[in-house]
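Written out below as structure tokens is the structure these notes cover.
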Amino acid sequence: MSGPNIALPGQILGASSSNELGSGTHLHNDQLCASISGPILTSKPSNSSKTSKAPKLSISRTTGNLLPEVGTTILGKITRTNPRQANISILALGPTGEHVCRDPFPAIIRQQDIRATEIDKVKVAESFRVGDVVRAVVISLGDERSYYLSTAKNELGVVMAVSEWGNQMVPVSWREFMDESTGAREARKVAKPV
Amino acid sequence: MANDAETGPGLTFPQDTFAKLTPRPYLLAHLKHKTPVRPNGRQQNEFRQPTINTGSLTHSNGSAVVRVGDTAVVCGVRGEILLASDIPHPPSDDLEEQDLVEELGLVVPNLELSTGCSPAHIPGNPPTSLAQSLSYRISAVLHDSHCINPDDLRINYTEPKTEDDLPDEPPKEVTKAYWTLYIDILCLALDGNAFDAALLAVTAALRDTTLPKAWWDPDRESILCSPVVSDSRSLRLSTMPVASSFAVFSTASHLKKREEAQSWILADADGFEEELCDETLTVVLNSGPSTGSGTTSILKIEKTGGTYIGKDVTDLCVRQASKRTSDIKTALGNR
Amino acid sequence: MPREADPSNNEREFVLSALRENVRLDGRAFDQFRDVDLAFGEEYGAADVRIGKTRVMVKISAEVVTPYADRKFDGIFTISTELSPIASPAFEVGRQDQTEILLSRLLEKTIRRSGALDTESLCIIAGQKCFHIRADVHVLDYDGNIADASCLALVAALMHFRRPDVEVHGEDVTVFGLREREPIKLQMQHQPFCITTSYFDGGEVMLHDASLLEEQCREGEVIISINRFGEVCQISKYGGPPIDGLSILTCTNMALEKAKMLDKVVKAKLEEDEKKRDKGGLMAELRADNEREQG
Amino acid sequence: MGPDVVNHPLSRADGSTVLSNGLYTVIAGVNGPIEVQRRDELPEEAAIEVNVRPASGVGGICERWMETVLQSALKSIMLVHMFPRTLIQITMQITKEPSIKLRRSLYDFALMPTLFNAAITCLVDGGLPLATTSTAALAIISPDDQVVLDPQEKEIASCKSIHAMAFSANGDQILTQSSGDLNHEDWGKVADMLKQACIAAIGPAGEDTAMSNGVVQPEPWLRQHLEDEAKSAVRGKVKIEAQGRSREIRSSSAANSKDENQPDSAT
Amino acid sequence: MAMLADRRRMNAPPGGTSPPVFASLPEAKLTKPIRTRNPDEHRKIFLRTGVVPSASGSAYYEISPSNTPRQTLVPSSSSLKITCTVHGPRPLPRNAAFSSNLLLTTHVKFAPFATRQRRGYVRDSSERDLGVHLETALRGVVIGDRWPKSGCEVVITVLEGEEDGWWADAEEGGKAGSWGMMNVLAGCITVASAAIADAGVDCVDLVSGGVAALTAERNGEGVLDPCPSEHDIKAACVVGYLQSRDEVTEMWMKGDAGSGSEALIDNAVKAAVLTRTVLAEAVKEATEMKIGKTSEAAVETTNTGKGKTKDIQMTG
């Protein structure tokens, strides 16, 4: 990567007729312009796709993605629970949390979004406890305050939990964690370990 | 390791993510490693090396910019004049000379954190408890160390002889006014241990301070100052207080047995470490103003939160602080 | 923030129907105060008042300052009322709530603006130096009627306080420590007391010294500040349903009676305190006599 | 000689005490666990708020500093994890100060042990669970290098250095505030003496230290006070339970804590 | 006086203080500085981003002071030193209503030691004014709809402000226009643009600030980047300018420009173009550094170092 071609905000990257709009860019008049500073990435149109022939121009974000969007996988920590929902702070974005958020984003997992099956039987208290680290996916931007998340997939749910006695626990089934030093088991919506 | 997304999300996290999600285990893992290193790459007892710049502010009588790691503090000292006749309640005669600065309020330090120096300190808000405590502690160190000589702040006037005076009596010298030093400390970037950095900035700025020559003008009945540089004199600090702070990271919990708890002393904790440490210790050593001069004495030992730091640990930290103090004095002396 | 818990409907009904049958929950007569207790601290100007469970402490302090530019011949007198959670968790630190604002306004009107303290006597050198007398009102326990209690404590503390003596030589002022010279009493011009009358059923039932529960159930209140000579300093009625104008007169008459009662309490306790301070001293006897003549 | 402690002088606060020694009188009240504002809420423990109110004048930056120090010291011995997402609010009103004017930091340091002890006794009165009993004491080093425990105000005014420390029953150092002109050895000496004094105040737990050095041991004032308190609490328990309106959010665990109101080490 | 005490800060002594008054001595006669640059020349700007690591974005801006050695204690003039931090995009405060756009807030504060007269800690009206001007300059630049329900704070601390004129004139009761504020605003716009770019917030362009003035000395001829103590300014104009779109986002004109107002604006734009070169360079340099760092980090993680990269593995 010697001397990548760096664009600055406002820099014209090409005509909009011959290029596809990628991330970190915007349109001005008929021109495609950069909106952040970073290296220019050109993705060749795949041959199979017939509809778009033009190459897609985007600017790589040196800062990483900044905000959760619908469909983003996130990692966060449960901050409070009640029978209808669990409150969670989004701490990192991406399946392995590649992008760490500077400020936690408040979010909610509603009771009906915890599990895919037997939705009506799910109990929040048996799925999450305050302090659990949870992997979830953003399903909506939510209300003025919180994003709405879902853990209704096998690989989503609690990934790390601490027992009542303050010990790190290990998952022992799809719905239980175990404290190895006391042997006590606690109910959780466990994310399937991979 | 960050790229195993294709095989599905596994439970390996990049470092930063690990630190964010479970900060305690993250720090613990570093400290428990067979060659323990703090996540910031420092040894347990290693302080960050400060860089000090002085005299860069045009409108201050003395100034300093201190950068300690990612904590940056700028301090400006400005002298203004307090007329003795304006003091509503003059100090009583039995006041000890060295307490005059405090009694009259001639040193006014204020530390401001609401400069956007970290996401937690956004402007437009009044000073937080933290900022207020820091201002208080700095003023306490300046007063208790008696590092500012009250004579440096006096503006005296020798009254002309009148007929009532006895001919042999020496001319009467009265203090017409005092310099008041406004010490404004702005924290521009905060990554832990604001106190050590702020106190260092204050002492560096005070050492850099020069006050113009000032005299009482009986005709105008006011104080005049000389703009000539060669007339001015610098403030001579009689002592040099240097602070060294430590934080304790501990696995102690009210849910666990006492014997199981492990604790580590971290010198000069950064912002990440500070969040995880409840117990803190600050040692302020006071010594002669220049490198190697004078004897070092302990000015302050302040510890709160937690139960790890007892007498022995304090002893250890005082020794580390003593080494730290000579390092700092060398850094300042080289200016 | 936890608000003051409202009484339940049953509780409220109970209080009200008892009142309609001329009964207060604690068995007092309608115009009867709870036990009034006044104690002074070791130092001058500290008064601790208890009315039932309500407890207020006032501390007076004095400082030499520069007078306001537009009031050169006056000293400065300020009253600070900050309610803290020690009295009730409903009071938040650093935020004024309604109770605090009303209380501070009331004391301001009753004591400061009625000229109870002669501020001219606090002047040392006109335009240059004067005393700043500061009263800090600390409400420690809140079981209703803090207005009457605070005002009583404030008046008692002001009467108990002694400021340092001063000597003026030209422009120079010497302030004497409490041990160097006998400190000096403040000049009070009169002693007004706040008497709160709580009313129920549009004024059918009038109570003195309501407890917190009674306050929470009342329709409104009339606060009258009055001295023992029957001079009214202020009357306030903050909203609430209208009441018959004539009943204000009744309130005033009743308030006068209570003010006289409180005045007696203060005088008696001051005398007691003074005797305790220099036991058997002739000076003390004389001073006490003088005061009786003045009073 | 320990300080005078009056139990439960206030009716509204959940726990309260008046504590006076020769220097200061402090009236302390605690409310808690009570509802907490969202911005102060902690997901896994109770938030602790300490308010220090001067006898005259409004609090300033030195009160904020004292609050910060005390908050952090108290937090380390309070079982905050028992009441997550609640608030424990301690308010201390100074009602009497030394009669002579002390320099600011001497005044503050001398006040610190009084505040700490007042806070501890009022927490016990309020039935809030503590991990350990602890107490604080004050000492100075005089100009002729003598350590003076529980100094008089005149001795404070002329001291070379001043020391406020708090220790738990098992000798853990909870709080240290030392200031002045001092050296290593003197500080160690003061720390030892204060530790002994504190442990002695807590009572027989530390028998081996009680007789050492031939120093006259102060009476275990804190222990006596806590025992009296516990006895009267048992007597008054029926009354407490019969008492009228219950508070809005007193969680069941909070109610339980009334029963276990003795800190474990005091039993 | 004692009543006005701020209980959250250390306060001035109760008697109140006044700034020193200097005697006019022949051996320390101050001379008004003279402009040595060409009229169309800008002073040297120092601009660097990423100075506050805990912020999302940050930048420091300085107009280097002239290197004349100080003979008197009274500074003849001062120059600009500004720091800016950007926090965000981040969640809106709890009480804020839903917003589908990025909520941009600006905050400008002078340090107490920034000017000849010591300033207070509480924002005054001129600082609030500057904040509003800055917000106007930035609002159209940030692509707000990419950041729903989030906020972004731009915080500026002026460590040293430009003077409003030759201070000795002001002392003798001469005119005291607040010309310095215009240079400060131009600096704020440039430094904020750098910090926003550093934070990676989408913008339509970099926005740079520029100042131009009409002075009494050069009849009709304008100067770029006037240093107020060197001139007798009649009118001045500051713009926030988007060069690649040739758009002005903010304009503030003061004084009596007469018929020269259009030329004045043109000159301000010219000044902004000059500033932009520095701005673009600084942003580019910082971006290159960042790319360097990420690729470095990538190398580091593949060579899994000791203890530094500790993976936790789930068992079971």
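Here the chain labels run A, B, C, D and E in written order, and each chain numbers its own residues starting at 1.
In the analysis below, contacts are C-beta pairs under 8 Å (C-beta built on N, C-alpha and C of every residue); 3 or more make two chains touch, one makes a residue touch a chain.
Quick caveat: nothing in here was measured; it's all calculated off a predicted structure.
Enquirer: Counting one step per pair of touching chains, how few steps separate chain B from chain C?
Expert: 1
Enquirer: Taking a step as a move to a touching chain, how many steps at least join chain A to chain C?
Expert: 2
Enquirer: Where the centre means the average of the CA atoms, what chain is farthest from chain E?
Expert: C
Enquirer: Hey, which chain ends up farthest from chain A, C-alpha centres compared?
Expert: Here the answer is chain C, farthest from chain A.
Enquirer: If you tally the C-beta contacts for C-D and for B-E, which one comes out higher?
Expert: B-E
Enquirer: Using the average of all C-alpha atoms in each chain as its centre, how far is it in Å between chain B and chain D?
Expert: 29
Enquirer: Measuring from the mean C-alpha position of chain A to the mean C-alpha position of chain D, what distance in angstrom results?
Expert: One centre to the other, that is 47 Å.
Enquirer: Find the geometric centre of each of chain A and chain B from their Cα atoms only, then give the gap between the two centres in Å, rounded to an integer.
Expert: 42
Enquirer: From the C-alpha centre of chain A to that of chain E, how far is it in Å?
Expert: 36
Enquirer: So which stretches of chain B touch two or more other chains?
Expert: In chain B, 2, 11-14, 25, 86, 88-89, 119, 132, 135-136, 255 touch at least two other chains.
Enquirer: Mark out which residues of chain C touch at least two other chains, giving numbers and ranges.
Expert: 63, 65-66
Enquirer: Residues touching two or more other chains, restricted to chain D: which are they?
Expert: Within chain D, residues 58, 60-61, 64 contact more than one other chain.
Enquirer: Along chain A, where are the residues that touch chain D in the complex?
Expert: It comes out as residues 78-80, 130-131.
Enquirer: Under the definition above, what is the set of chain D residues touching chain E in their complex?
Expert: Its residues touching chain E are 38-39, 58-61, 64.
Enquirer: Mind pulling up the chain B residues that touch chain E in the complex?
Expert: Counting only chain B, the residues touching chain E are 1-2, 11-15, 18, 25-26, 29-30, 33, 35-37, 57-60, 63, 70, 72, 74, 76, 78-83, 86-89, 104-106, 108-110, 112, 115-119, 122-124, 126-127, 131-132, 135-136, 139, 180, 182, 184, 186, 188-191, 210, 212, 214, 222-229, 232, 271.
Enquirer: Residue numbers of chain D touching chain A in their complex, please.
Expert: 43-44, 84-85
Enquirer: Can you list the chain D residues touching chain B in their complex?
Expert: Listed in rising order, the residues are 60-62, 64-65, 67-70, 72-73, 75-76, 79, 81, 103-105, 108, 131, 168, 171-184, 187-188, 191-192, 195.
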